[in-house]
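Note that the chains take the letters A, B, C, D and E in the order they are written out, and that residue 1 is the start of every chain.
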Amino acid sequence: ELVFPSLSYRTGPYAANGIPFADGYADYLTLVNERDGGIGGEKINMIECETGYNTEKGVECYESTKSQGALVYQPLSTGITYQLIPKATADGIPIHSLGYGRTSAKNGKVFSHVFNYPANYWDGASIAVKHLLDENGGDLSSKTIALIYHNSAYGKEPIRTLEELSEKHNFDLTLLPVDHPGQEQKSQWLQIRREKPDYVLMWGWGVMNQVAIQEAANIRYPMDQFIGIWWSGSENDVKPAGKAADGYKALNFHAPGDDFAVYDALEEHVWSAGKGAGAGDQKGTVLYNRGLYAAMLAVEAARKAQEIHGTMQIDASMMRDGLEQLSMTEAKMEELGLKDFGPTFEASCENHGGSGKAAVNQWDAESGTWEVITDYIQSDQEVLDALIEEDSAAYAAENNIEQSCS
Amino acid sequence: MLYREAGDFKTSYEADGQTFPIRLDRRGYYAILVMALAVVPFVLNDYWVNAVFLPFLIYAIAALGLNILTGYCGQVSLGTGGFMAVGAYSVYKLMTAFPEISIAIHVVLAGLITALVGVLFGLPSLRIKGFYLAVATLAAQFFLVWLFNRVPWFYNYSASGQISAPERTLLGYRITGPETQAWAVYLFCLVFLVASAWIARNLTRGSVGRKWMAIRDMDIAAEIIGVNPLTAKLSAFAVSSFFVGISGALFFAVYLGAVEVGEAFGINKSFLVLFMIIIGGLGSIFGSFAGAAFMVLMPVFLKNVLVGGLGWPTDLAAHLEFMIVGALIILFLVLEPHGLAQLWRMTKEKLRLWPFPH
Amino acid sequence: MPDQLLFAIEVTLNGLMAGVLYALVALGFVLIFKASGIFNYAQGVMALFAALTLVGIMEGQVPFEHLINVTFGTEIHGFGWEVPALLAILLTMVVMVLFAWAVNWIVLRHLVNQEPIILFMATIGLAYFLEGLGDMMWGSDIKTLDVGLPQGINTWIDETTFNAFGYGFFIDNLDLVATLIAILLVAALVAFSQYTKQGRALRAVADDHQAALSVGISLNFIWVLTWSIAGFVALVAGIMWGAKSGVQFSLSLIALKALPVLMLGGFTSIPGAIVGGLIIGVGEKLFEFLIGPLVGGATENWFAYVLALIFLVFRPQGLFGEKIIERV
Amino acid sequence: MTGPGMSAGARGRSDVRDSLDHEVTADGRKIGGVLMDMRSITLRFGGVEAIKNISFDIREGEIRAIIGPNGAGKSSMLNVISGFYVPQEGEVWFRGSRRPPMKPYQVARQGIARTFQNIALFEGMSVLDNVMTGRLTQMKTGMAAQALWWGKAQREEVENRARVEQIIDFLEIQHIRKTPVGRLPYGLKKRVELARALAADPMLLLLDEPMAGMNVEEKEDMSRFILDVNDEFGTTIALIEHDMGVVMDLSDRVVVMDYGRKIGDGTPAEVRSNQDVIDAYLGVSHD
Amino acid sequence: MLDAGRTEETLLEVKNIEVIYNSVILVLKGVSLSVPRGGITALLGGNGAGKTTTLKAISNLLRSERGMVTKGSILHRGERIQDLNPSDMVKRGVVQVMEGRHCFEHLTVEENLLTGAYTRSDGRAKIDADLEMVYAYFPRLKERRRSQAGYTSGGEQQMVAIGRAMMARPETILLDEPSMGLAPQLVEEIFGIVKSLNENEGVSFLLAEQNTNVALRFAHHGYILESGRVVMDGAAADLRENPDVKEFYLGMSDEGRKSFRDVRSYRRRKRWLS
């Protein structure tokens, strides 16, 4: 039996985002169980534990599931991730924080048990800038970019990167913090209206996203010059603003929509069999797909671990090896019924962060779907590597970790 | 009769001032203390410590602190989260600046620093009263959280803005950091809790406590009979913040190990601790324990019953959990408005009369 | 006019509008405080619950859908009809009245003559319960609320001011509507509480439950009445705020925006809620505009509280609050 | 049993120390010099003038009554003495020197204790604790010592407790020592309040309607307590009371107020026959 | 002394009631009494005897103090009224003036009086007329009509409380210690008012009083309560002549009124308890 805990948040302030993710995660694992009889014949036992996006409940969930042989954690909240990184490392259980958590965990030499592929926040910042460079013929000089961000550790993540990039590409950067929860953003948007930045980037979360998009519409800010990070790019964020949100862009490191072979399999083995998770109304949404994607990576890593260690009954440390040697190729994705669903990448001991690729999606309010408008864009590794090196080195020093790759 | 408390046969005023005047009670409490100190540490595992005991012990300290301010001195405060943050950030700065000094000392110092901050924010209480004061203390809550988020010095300029506790030991045993032993952290926090409760009890049974209670019950009359409201209120703020600071320090350093201020010490924390003392019983040390136990254990218990036992989907279980906790709060109130501690007292009074109805 | 001044004026105007929105939430608090001395912690959750119910009714959601599906293995997803906004608002009001009735019957009735802190605590229990109930009934996804209120920049103001000053002011249509509604609401409530016998009874109840009982005021009636009105105010606030952000959990947090307003205006004053709202709205927006950039921004959360705090030090009962009686 | 004669010239001005002209009352109590002297006190609340230019004194060891119709300003006068109201005009002289503006708690520490018209007990505490609060002005141990319950703190607590128990015995409220005061009937509450005031070992005791809501028997008890306090501890007492029997029997001198003005001042006998007082207050002349 | 207007019809009847506070403290241990229509009935007794509790039991205010009538019954015009709300009692014409004033502090004196008329629906004009009547009885209140009740003196508050009850135009008034804190002149006046309401308007009174002297002068019938039991009752005139009552409640011994100075011993035991 392979234990995959799912620390979900179907309640609390961010429930609307937690539900689709948890559903996607659960449905994919059910699919593997129902269709393939598990991974390599070992059934998956998914234990769902409700955190409500609350760190303390996260601890409780971690402690209650870890003794049952958990293989990998998806903590799903910045707070829980930070707080589990040392704990889980000490307990020898890997963490996969997919597109969130601690960015410098990309450095596997320091963070032996933490994986954050396929892309992280700094990648996100860089990719957004790259996209803008593309749109402007490679030149952003004398342009202004405003960053509107959730005034928390998460929201502040891209600042450093953007500052570096603004030096490199000569654009002006304006910072606009929004305090939690972010229901009132008049000041920020009046400022944007006054200063008319050429582009607005957003690192928002929860209600902040919906309000920002509505306010942008209210001041008639051109939506296609407004780009959100992947946690500001779900249907939930754009729908409340209705038609006005049309043209809003967001980054994403996997595909939206349900146009994939795996969906047929899900229909056949899971939903029509009445085994779907939740209310079953989340299929094909961005966050559902993200949950699905997370589950798929976990399953593939487990498969890899079985392969490496030659046993079907893997434990957490074997799972770690599987995660570290995971390689997602186009062929493999196609085989899984997920052609072009996510970027290709190859993890390694040094690189726990994947290829750092994401694509830009754009909201089409008419059809109510996200359109993928670019290929997977590669982030500016040159700038980022140095930053990651620096931050992880600081962490290593603080916690007496020897950088190594075994 | 199951429970007897016959007559008042004390022969000295010392004996009369005892914490547990009834022998049965006294024995019970000692038994619990011995259990907590000598038995529990041996049967603990990670789950019990991290999911139940640590939060309970740490919240009980915070609840004691707030109970001194709100329950004994009558100043409702919603700044607890902010003050806990002061404790946490103080201990973090101290731990990283003076790694060679014992963590126990750092925790106490963090408490003292918080006491100072508490006094500062307590100043308006001289003018502002009741719910106005409660809302005014929110200013402390929001300002402090903003400050710790804003000024990088507080989080040692780390890129993430989070603080994480480096490994520290006491007598050779790890107290903070990832590789601690369940019993060690448990005992560490337990000692702080027992000491806090003891100090709180001493303060509240003496003249300081009476000053506080006088201010709580009728501040004008108290002033006219000779209580200086300034010192009484500020000392309550100081002592209260001292405990709250300690609990914040433990919360960060021992329990979570890594926190982000907005998330860990947000307004919810303030409300949570306030709920604990109101449910447990204002102006009661036992109440602080009972309230903390209720608010920590009830959700865990319900979750285990509903999800683990009855197999409900987690979200429905979580919703139901909210409804049940809410309904229980209301039920307790309707039964006994003065908290669990009073409920306990009334039960004892009834037991004393048992089997007669009154 | 210099640009900075124009901007400052624009910020001020928007601050006023924001203040009105805060006041809408604060009104609910004031009503209940006035009528029972209860600081109703559940007010924010009531706004959420009302808005959720409204959307649920409009979209023909089946209450407790998920619960029913899980327990009976059914697959129901909505009634499949849509209810027009106005009718839905009426139905929601019926629900809120029922809620008020239940609150009185189950909770308040048993807590007559208790200290304010205990009543406060009861509303905490209520908030917990309602939070769970709301989610259980209507689900926790974000819902779009569209009752046909206009939103977005008011072009007329934009153009007129542009022609006059060379800079078009931004005023949100929704805010204009909110202002209108707030004015009507406040006028009605002031009239009610000042000029009717019920209004006087309301204040009497807040002062002394027992004495109110002894002159024959039925606490049950007064409380059902005020909680119903507060439910209505919560619904209005829920609609206004929900239009901006969609109806979701965070709606219950708007209560936090109302507290400094309440403090500043006085817990017992209906006009105070409006005036307090305006001061807070303008204050925090101007502070963010002028000082914010110097200290790194995001000051709005705490500034409102600090402003109110400073105010209170000089006037402990708020601007219009009833004087706190200090006598021996 | 009448108090000392009251002449206008004797009032005020002289210092305690240089006026050692003790007078002896009929039942052998000593009445000393002027302890407290109120000079031309005027107190206003907005438009309402509650006290209009009133002067009177209280002499050491005497029982001084203040009477007058409802709303005359009696309670306000006590509040002025205990520093809770600050008069707009006038001076308060205490023990021969002019009292600077003071907070009420500072006044209390000078040895002035009081009870209140609307009982102001600390409802959340037991009777014992309430009476112990009366001794707060006497207790000096610091917070650190108390936190650890060290020798000094414990000793002080026990010493003060002993004194309080004496007072409790004296007022015969032993049986309700541990009862929360909220549950007591009105009359007992009044007695507890008296106990609390006595616990402070005051030099001057201010009593605001101590016998309201009591029946004759209880009033007799209360009178006994007041007389004994005055006798045994030599405490000076200022007393507001509406029961003329009590006032006439107990007090040495009486001030009569009406609408904030003083309309009479003198021995009970003098006051009783004063026509102004009869018109404004007594209605019929009491036996 | 005054027998006019008194009828034999019983308006209120309390039968052997027991009251428990907080479900543990037994306060009334079987109290029975009856209030005839048009009579003034006095309830006498020392501190803590249970007078207030009895009145609250009748007006149903006990529930809000966590008190409960556990035994016995209370009848108003022959109907059981224990389960009614206090406001129903007011509608039935039974109004209580509570001990300790209980004014609405933040309301002005006039607003306080007007709330007294809350249950009335006979039009503004009648209410205004009654307001004037109250002011006529208590001129002091007219002077203070615009000030917040919380800032009036103790006696003024007592007047407000009584005036407020009069505003309800009740048929029965339960008066709890009306004389407390009032100047002697005013005590006489209040009882004068009681008497004239009783005689002219036929209002019945149940009156808990410590001031036995006055109470027995104006009442028709008296009950004496000790520790939650009725220990004696009878016509007021008879009670006044009873030697025990004379000694303990009227402060008179055989030699006439004693001086308060001459009392030497406290706490004598009541003869009927020993």
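Here is the rule we use: a residue touches a chain if its C-beta (ideal position, glycine included) is under 8 Å from a C-beta of that chain, and two chains touch if they have at least 3 such contacts.
These are the chains along with the protein names UniProt gives them: B, C = ABC transporter membrane spanning protein; D, E = ABC transporter nucleotide bindingATPase protein.
Every value quoted in this text rests on a predicted model; they were computed, and no experiment measured them.
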Using the touch definition from the top, list the chains contacting both subunit B and subunit D. C, E
If every step must land on a chain the current one touches, say how few steps get you from subunit D to subunit E. 1
With contacts counted as defined, which of the two, A-B or B-E, has more C-beta pairs across the interface? A-B
Subunit B to subunit E, mean C-alpha position gap in Å, rounds to 48
Cα centre of subunit B to Cα centre of subunit C, whole Å, reads 32
Chain centre separation in whole Å, for subunit E relative to subunit C (CA means): 44
Chain centres from averaged Cα atoms put subunit A and subunit C apart, in whole Å, by 35
Can you list the residues of subunit B that touch 2 or more other chains? 146, 220-221, 224, 313, 315, 318-319, 322
Please output the residue numbers of subunit A that touch at least 2 other chains, ranges allowed. 10-11, 15, 19, 151, 179-180, 278
Within subunit E, the set of residues that touch 2 or more other chains is 25, 151
For each chain, which other chains does it touch, given as pairs? A-B, A-C, B-C, B-D, B-E, C-D, C-E, D-E
In the complex, subunit E residues that touch subunit D: 21, 25, 44-49, 52, 99-101, 140, 144, 147, 151-156, 158-159, 177, 180-188, 210-213, 248-251, 257-261, 263-264, 266-268
Please give the residue numbers of subunit E that touch subunit C in the complex, ascending. 59, 61, 63-65, 85-87, 89-91, 95-98, 102-107, 111-112, 114-116, 118-119, 148, 150-151, 164-165, 168
With touch defined as at the start, can you tell me which subunit A residues reach subunit C in the complex? 10-16, 19, 151, 175-181, 183-184, 186-187, 190-191, 193-194, 206-207, 210-211, 214-215, 217-220, 236, 239-240, 242, 244, 274, 278-279, 281
Residue numbers of subunit B touching subunit C in their complex, please. 76, 124, 127-132, 134-136, 138-139, 142-143, 145-146, 150, 220-221, 224, 267, 271, 275, 278-279, 282, 312-313, 315-316, 318-330, 333-334, 337-338
Quick one: in the complex, what on subunit D touches subunit E? 1, 27, 45, 48, 68-72, 75, 117-118, 172, 183-188, 209, 212-221, 223-225, 227, 242-246, 249-250, 281-283, 286-287
